[in-house]
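Each of the next two complexes has subunit A plus one other chain: subunit B in the first, subunit C in the second.
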Partner chain A sequence: MSATNGKSITLSSKLQDIDFGTKASVPGWLRQLRCEGRERFNQMGIPSVKDEEWKYTNVTPLAERQFHFPMEFALKEKALLKHYLNPQETNIVLVNGVYSEEFSNVKNLVKGLTVTNLTVQADNAQLKKLINLFPSTYPDVFAALNNALLQEGIFIQIDDATVVQKVIHVVHVANPTNHDTIIVPRTLISIGKSAQVDILESHVGFSSGAYFANALTDILIKENAAAHYCKAQAESKGAYHIGSTRIWQKRDSNLETFSLTVGGTLTRNNLNIILEEPGTTTFLHGLYTMKEEQHVDNHTCVEHRAPNCTSNQLYKGILDQHSRAVFNGKIIVSREAQQTNSYQLNKNLMLGSDCRIDTKPQLEIFADDVKCTHGATIGQLNEDEIFYLKSRNIPQDLAVRILARGFVDDILNRLPNQSICEKLNQLLSSAIDVLK
Partner chain B sequence: MTKTTQQDELTQREYKYGFVTDIETEQFPKGLNEEIIRLLSERKKEPAWMLEWRLKAYRHWTTMKEPHWANIHYDPIDYQAVTYYSAPKKGKDKAQSLEEVDQELLKTFERLGIPLSEQKRLTGVAVDAVFDSVSVATTHQSELAKLGIIFCSMSEAISHHPELVKKYMGSVVPYSDNFFATLNSAVFSDGSFCYIPKSVRCPLELSTYFRINAADSGQFERTLIVAEDDSYVSYLEGCTAPMRERNQLHAAVVELIALNNAEIKYSTVQNWYSGDKEGRGGIYNFVTKRGKCVGVNSKISWTQVEAGAAITWKYPSVILQGDHSVGKFYSVALTNNRMQADTGTKMIHIGKNTKSTIISKGISTDHSNNNYRGLVKILPSADGARNFSQCDSMLVGNNCSANTFPYIEVRNTTAVMEHEASTSKISAEQLFYLRSRGLDLEGAVSLIINGFCKEVFKELPLEFSVEAVRLLEMKLEGSVG
Partner chain C sequence: MLEIKDLHVQVNGVPILNGLHLTVNPGEVHAIMGPNGSGKSTLAKVIAGHPEYEVTKGTIEYEVNFKKINLLEMEPDERAKEGVFLAFQYPVEIPGVNTAVFLRAAFNELCRHQGAEEMDPIEFDEFLRSKLTLLNMEEKVINRPVNVDFSGGEKKRNEILQMAVLNPRLAVLDETDSGLDIDALRIVAEGVNKLKRKDNAVILITHYQRILNYIVPDFVHILSNGRIVRSSGKELALEVEERGYDWL
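On to the complex of A and B.
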């Protein structure tokens, strides 16, 4: 790791081949991946607001900054993290992008579940298939950047017919000591046929400094598997978080995703789901609570490529003070995907004085036997409801919190796993309890 | 009946306005340059300021690039291969009475179902008929003049009411607005002008009928409607063109201005020739329509039935500047064969307590492509703004596509906005229900489609509403089952 010490990059200029340590230890596939990622990144460059996908989120300020690779991998604020982890669960902790033996407990895993460091994997067929699930030419410049800068990653494999009872909790802790650090978390998950699993991936930050987390998670859900995948983002105040989650669903698989965003100064979540084979079911839920000058941008894209698939999407947001939210949901139904049911809804609550919301629910439909709907609402709390509570001797700020709670509970309560639900509530309370 | 006549009848039914009027015309040479614009301005005996304005637009246009963000595909347009002016030769000056109008022309409009002779007129509709580049007749002018309403062709307005034209033209769609509007500003040949004075409620439906006849010509008309304080006007627009193998360009601009408490209702039934089954020919319809609610409590509503044109690129918009102003958009867009439509609206909320409603229905059949693209923008000044949008699409057949691209930008925390959209097909249950009650397949489909579009049709003036229903039925014939 020490090879990158003191090294830095600027995103506006072309990426060079970075020496990530001794070349001999790097497996061939990784070297190729980095190379392809670098080429793709240099080819695409940092998008501007003229790019339709980045119309409402300006990342050009990021481009000029000089980002350093992390120098230290020890955590000082241990108590905060310990409070967040449940020792009963399978915890996988990475500090500043590097696997931490101290906080993780991956020993005595159930049979059929393996957790390994991605980058020490040898060139095997299984991995090759997974890593090329989404080709390096995929039109996502930050995914390409992640490929180019990949140093360590987590590889979770769940074998066929394995039921994993305990929640798998992947925690990416950012606690950089120097300013403007870049962290590239990478997770690869393969869920076998008829397997069942609950996964929570948290991005948390315990410092107030500015850093840039460029996360990428790829998930393959095989035939008849059932997966719950949650992404919780509670980065520190000055953080930039640009993350992509790409999911590939096979025949008759079930997926429920949840995305929570409370932290960071600028967040972009890309969630791309490809329904490749018939009979799949997908739920996409999301929640964001923003305050001060925070900016969140949720981009979802559900691609129906096969018949008889259902996708159901609900994203809710609370905006306070001067915050900004962007929602762009895309549903693509290809010609083969008959009997598709696809729903999408984005609801926003504006509590601040000058919030801004840009929402763009989008349908692109090429098959005729479909039922697709989308909707978006933007509004305020109902004055009558506040009056009702106040007339019962509940002060204004508490009334607002109760109603805001009601607004988010509707979606939070859909989470099937109690333990994950509690964790998300823990992260959320810091945002809800300050509403007035 | 012989086979050919049967076939003829079928094609006739597909597009019954596809005939060509054999009339002597005066045409400018093909191509566009400053000379052509000078010639056009001279031919129309325009004042110097108008020519200046045209040239300014032309010079700006030469610096612009054709936009390609819409989800439509077509071969590049050669703007130098278009005839920018074509007019019937007889009576170079506009006819003073109907007797002076060429009989061929009258017959043409008669065949289109637009009788220009005032005795046979539809009750309560005044018509301005535009044939290729010029207005050939405007009915009921004297009756309207008694009320102080000015309803005439744009050329007349430029020479008779220059102060009004100067004041309002370009105030909503500036000459530099977009590629097609700028082209129009440079070469617009005619169109309608309509001015409703203070506190006048226009007793007639005003209407313009556009007809493209000449081959390889483009039609570039410009319409301007001004409604003074407390006035009301309802305006209709219809369009047809002959069936030709080559694509023809239509780039129009419509500007509406509503002052305090004024209301403008603008309805369109667009039935340009849409090309044949293989997508040959048809009109390229690139239109900029925009209304501005300048005054308080003003109201503008757009109602459109888009059933023709090979390509439709049209976003009738409302700028809600006055406090408490209201903007409405009702649209039915039907595409069949290989038509492509990218249409929708823009609602820009600037004033306080402004309201907007969007109802859009898209029906897509055969190999066509139907897109809704809309923008709702609520600016920080628009306290208490309210928007409701609904856009539904219906797919008939497996080779068409329907897309929705709604952009919603809210920058005021007191705004309330709702948007909903759906895409579906006619369900088997609905069809079964109707057929089990004795309706044939086409009757059942037509009934369901009518129900689907009802919210929009009821906004149309009565005669147009009937016409729109028939138009839809005719277009859907043969595409179901």
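On to the complex of A and C.
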């Protein structure tokens, strides 16, 4: 049983000091974080479409709903989850926001890798650094909400020069028993100097009802480290998913991100990357497959704060029926960030005649010696290609799926880790297999 | 096997075929020749079922299991599954779709239609390799996206590879010989000849007589202004080669 059992909140009103239980074990920093988050949230409030950052994604329907905290933390759909987990990997599973001993395997971790539950984490210098990387004043109201409501979370620490061979798979499972549940997944990752790691963070839902997942992940990548960070969003059909991933890159570090969205009714993925020191390389890949009334909004923001950094982003999407996608790619190149290379491309395939795409590059360049390009395309399937496939026995619906699959195949092939690639492929295939 | 009667076809309101008759029996090879714009490719596309070609009059009957069926009422994939195959004049490039995966999907659709067991990737790979040898093709071709960055000759050969895999009853080869050098032409023609049986037929659409030295037709038809204006044996092709189309 949780102390928040039976409690609920409405986001349109000011958040009160929620009694999360007065267990003595709750560390002081966490109380402070909640308090700052609450104040920040109350100051900002739920944005409307008049807010430029939320122009194409209306979250006001969320504001009036009454959200309950999860009541149960046992998983009913065990087989589904087991099918999704690879026992060879380091699995960290949270069910309805609470760490699950049953499904996680964090024993016998490689030396230099530690995984802890935030609630039991005493004061830790690394953690403190991470928490304060993006201060509570950072303008992200849903990150503030996550802080305000934070109960459990995962802290992954990779020491300097540690090479983590096995994929770290953090899985947030939503399986709420009551309607309009709010879940606040929180992950903090610190990657040491010259360390190397592959991380997949999955959000999966096994629920037929509506729920709200308000996720936040903060990552610090130190000097010369190399990280692959993938986010897979396969929430339930009725789910709202608003998540922010904030990454801080130090000198000469390498990062490849991949974001796959196939689930949920409304999704907002914020991806903020700050290139604080020179010599960093960053790849941002994204893929979304939407159908019916689904809505996905990918907001990326890459901040070049130092010279000689490269960022390269490619987001691709498939839209069917009445679905909607938003891509907003902001690139900020500060005055100091000379010799910046920054590329951005968003490509969309529209299968339905009633889908809508709003794609917007947003470049703010203050340095004078930079190379920045951006582009966006929206296209439909080629009739000649469809006829060619049909003349080879392949019926219309399968032809559409094969071509849709072909449209996104190149981006999936860029995933450096085979095991992650297979998993994302599995999710993507089930999304593509229902296209017509 | 195929009976086309009084076929009238238009594209975007422009009439292309104006009363075409053609009968093809099992075991036969029909060459269809004619000047540019005479309607050769239109005939090929209509048989395969391209949606842009509108049949305003006439019928195309096709015999399946001793029963005549109306080809014009069928979707292109249904026609294909009944053994109608079109080798495209300009094979379409499909980025992102692996040739082997595409061919297996096509082959397995056929298996399912015929109630036969589908092939798994390993079985199919072996099967496909044997067909590659037949056409003297390099293995790497099947691991590339369909026709993407293929040379003209490779694309045409890839069409015949697909024909070899799908083993059609009625193959319509639309200018498969155009743009091939003599070596490639010989390989493609040999491939077609090896696939020839008593119970299948070939309609060979061509601009040049050259390929008919390798694939010997039973009939040669001359198409002009959307109608067949002359039909004869293989000697007609030589006459055309010598005298052009103007005398017809």
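The rule is short, and it goes like this: the second predicted complex is superposed on the first by the 434 of 436 C-alpha atoms of A that agree within 3 Å, B and C clash if a C-alpha of one lies under 4 Å from a C-alpha of the other, contacts with A are read in each partner's own complex, and residues count from 1 in each chain.
In this text, a residue touches a chain if its C-beta (ideal position, glycine included) is under 8 Å from a C-beta of that chain, and two chains touch if they have at least 3 such contacts.
Everything quoted here is computed from the prediction, not taken from an experiment.
Partners subunit B and subunit C fit side by side in the overlay (superposition on subunit A). Of the two partner chains placed around the shared chain by superposition, subunit B is the only one that A:Ser353 touches, whereas subunit C remains out of contact.
By the touch criterion defined above, A:Tyr388 reaches subunit C but does not reach subunit B. Between the C-alpha centres of subunit B and subunit C, as viewed from that of subunit A after superposition on chain A, lies an angle of 80 degrees, to the nearest 10.
Between subunit B and subunit C, B contacts the larger number of subunit A residues. Taking every C-alpha atom of subunit B against every C-alpha atom of subunit C, the smallest gap after superposition is 17 Å. Contacts from subunit C toward subunit A in the complex involve residues 48-52, 75-77, 79-81, 85-86, 88, 91-92, 94-97, 102, 105-107, 109-110, 113, 145, 162, 166.
Subunit A makes touch with subunit B in their complex at residues 52, 56, 335, 338, 350-380. Across the interface of their complex, subunit A is touched by residues 69, 380, 393, 395-411, 413-425 of subunit B. Contact residues of subunit A toward subunit C in the complex are 382-385, 387-396, 398-399, 402-403, 405-410.
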